[in-house]
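Letters are used for the chains, namely A, B, C, D, E and F, taken in the order the chains are written, and counting of residues starts over at 1 for each.
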């Protein structure tokens, strides 16, 4: 059984550029461990920097979508793309952000049966369409979202998060990126 | 948010035939709660009896496959069929039987990245082929399994478990069967 | 050319448990031959018993669906799953029960062009959705069926028959179960 | 129930150009009835002429493939394309030409379980690839066929028949062309 | 790198039957070169004659669809079928006939984003349905087209062009027919 | 006919942050026009910065893949994802970088018929697998690429370019990003 983090080289921390090492130490400080996505991308510092700058621009900023809703998009689309790293790692973050120990497993498998609102269901319909059939997105999709109260900037956020994780899912599957054991149990005991 | 157990009627225990009620009380005694599949099927006693007789004939008997391996087949194929009930409920059973808190989430999302043996990987390849493309099963598939040491009776077991849960997944999705909250956390803390 | 009944062992009648042999002799008495599904499952008596108990609970009982309509569901979904045994054997039963020599070939290939009512067409739409995309079944599907006059218990029957034959189709394809030659011609001459 | 021959106009025989009427009367003389494909295409005489010229060039000429083998290709690919007219009408012709009452239903549902030779199985593998995924045809496909003894002109015939019926299947489904009742029973009683 | 015109024999002009040679010389006179489809089909004179008779009956005659619209159908469906010859050669013809240097690349990749009218978009929706899912064509599809002003004879033309090129695409992919270099640049400079 | 650049707001240049405006003016200086991707992303400066930083890290740096080969990956995968902007814009760049006016249309439609080497064909096989079925990537895929002489860092580049454009394709399709007219003709006349 192969428990490697990645098919590609994982550099030691002291071989990394200052800013990359700093970023990794900061996340370790906060989370208590280093999520493997940081280690997997580290041997490509320019891609590392762009990846996390993009990630933070979408996932950390203010938005008409809550942070938990953005994580719902990540887990739902990553489930559809069979990306183990993203489902497990972002599933943990979703449980924590939604303070709901059930929601991640629900949307990862079939969001149509999840404990979500009709508005969130419409959000995930669109996110999955962008993830799986973006070529078919049309004006009618935007109308449905506007009827659910989404502003156009919110619609961009839904689609951009789905698009970013379309990339992430492929990177994780190509590299066979292994989710840290810690993620599997995070956020499971604080029953909402 | 709809937290109903099923789209269809769920009878009270005292309305049920004696043997059905007995079976439900026995599982409640053992598990500490009644898994919703028992309640969802209860209004159809003949189907209830046949379903669990079939289930037990496949999942409880002696076999060249361990009970944990049979649950792996269930969770893997149910993930492919997006069956929330089966992934969550049998994911719990798999964690318990394998004494492994990670395995269920791994195979539910992408068994190709799971901590399993080459033999188990071949087993799941075949199970998924039966689940998703049974019309293409051919002699070459049997040869691969035999090379991994599976006897023909084991191959039957792999295929029959995949076929039985092809049915179960459809019943659960048709009825919108809700997994009990208890399943989500079961077996997550006993690190192997 | 291989005309074996099954890839797996087919026991002689006198090696079988009493009840299994009795069931097989009864069907032979009635049909004039033993349909190969009985012989294919016979080496697994517990599965044999559960399979036919389940089958009879769905296909033989009173229902809001006629027996011919239930066979239509079988033939239509088995065609979609490319299950030669089920299309040929249940096609014969459908012709006999519907007293219609054309209907089985029509629905096996493309039910949208079959000589059926709008109500039956809605029934087959739902059956195929359960068979092929059960994860997408939603409340709107139930509304359509209710508009066509189906009670909820009828909807269960449609979905449960589709689900049971999702299993049967996979068993038949895994075992390479051969339809008896007799089925091909049954019910073809009594023009309705 | 709509038993129309076609969604489009079907002219009376005496409204047709001389050569078209002649062709139709000739087939009626030979078969005892007029197959509906002749009536469906008749209102477009130029297309009628080109269609049957093409058909005859592929299906009636001498070839390294027997006429029965060419009909096998038609029935197999038409089954995959869910074309009721072509499966039923050419299924009848296949039974007659192969003098085998079982073969048409076998290949229409799943040619992998049909009573055919390994060479015919390779022929149908290629025909289905041309029918369903022609963009993926490559040199390796030609090598497999040559190993089974097919000359390049035979390979053209396999692919050209599959391609021609890719067109026919679409015309029949677009027009909702109804197979004549006569076809369903033809060739079913002469056991080979 | 293989720049062969076809996987199959390409006869010299003076080996061809008179009418076939005449047709080829006529197109060469008009276009300035011989499109490779003529050379690829030439070793099968009967198929050559039927193919071009059919082609001309659909593409050259008067119709409720303009010649440019018919070429739009060809390029759109050939893009979906990944047929390099048809996209490149008919893309050139479309640019010339529409006097629009952009339209061919637009519809070949994604007609939903092309500079076309709502009526043309409905036309291409139907053409793609015939090309990719003809078995699902139903009365509702005809209603949509009629609402856009298409007569039934126009609908036939849309579907028949899509069906004919379903055949052509498969022939071109099977033969690995190479588009002439001349097509790539034709019609690209006359900005509309 | 809608010739808007994007479904979302496109800010005026003087409303943009200094660095974003500077980047846009620089590309305009070099190309003679502003590719619409810069204008479409400009209203989200943080995402704009991350997107182009990522793009340049993959597409502009030294690599075992030539710049033309990286553009081949872009055009091939964007064709599969039906992304009009990326096929047209990167098709132009590919023609220029490869000094080959045919290559872009060839790989956009069907790279299996393109004038490329066996090594490039293996590269595109892998790129498409990452783009369309990344969950199925396995060790065998890496072995094939190594046999064609690709180093592991080259394999990362192939997969990362495919992954990045999986994101870009979805953004372009979600926003309905319009390719500039200039791209359609670029690089078409310098015959190699």
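The definition used in the following text is that contacts are C-beta pairs under 8 Å (C-beta built on N, C-alpha and C of every residue); 3 or more make two chains touch, one makes a residue touch a chain.
Being a predicted model, the structure only gives us computed values, none of them experimental.
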Intersection of the contact lists for chain E and chain F: A, D
Third chains touching both chain E and chain A: C, F
Pair in A-B, A-E or B-D that repeats E-F, with over half of contact pairs matching by residue number: A-B
Whole-Å gap between the CA centroids of chain B and chain E: 51
Inter-chain centre distance, chain B versus chain F - centres from mean C-alpha coordinates, in Å: 44
Centre-of-Cα separation between chain C and chain B, whole angstrom: 23
Residue numbers of chain D (touch at least two other chains): 82-83, 110, 135, 173, 176
Set of all touching chain pairs, with the criterion as stated earlier: A-B, A-C, A-E, A-F, B-C, B-D, B-F, C-D, C-E, D-E, D-F, E-F
Chain F - residues contacting chain A, complex: 7-9, 44, 46-47, 49-51, 53-54, 57-58, 61, 81-83, 130-131, 134-135, 137, 142, 152, 156, 159-160, 162-164, 166-171, 173-176
Residues of chain B that touch chain D when the two form their complex: 135-136, 138
Touch list for chain F against partner chain D, complex: 110, 112
Chain C to chain D touching residues, read off their complex: 1, 3, 79, 82-84, 87-88, 91, 101-102, 105-106, 108-110, 113-117, 173, 176, 178, 181, 184-185, 188-189
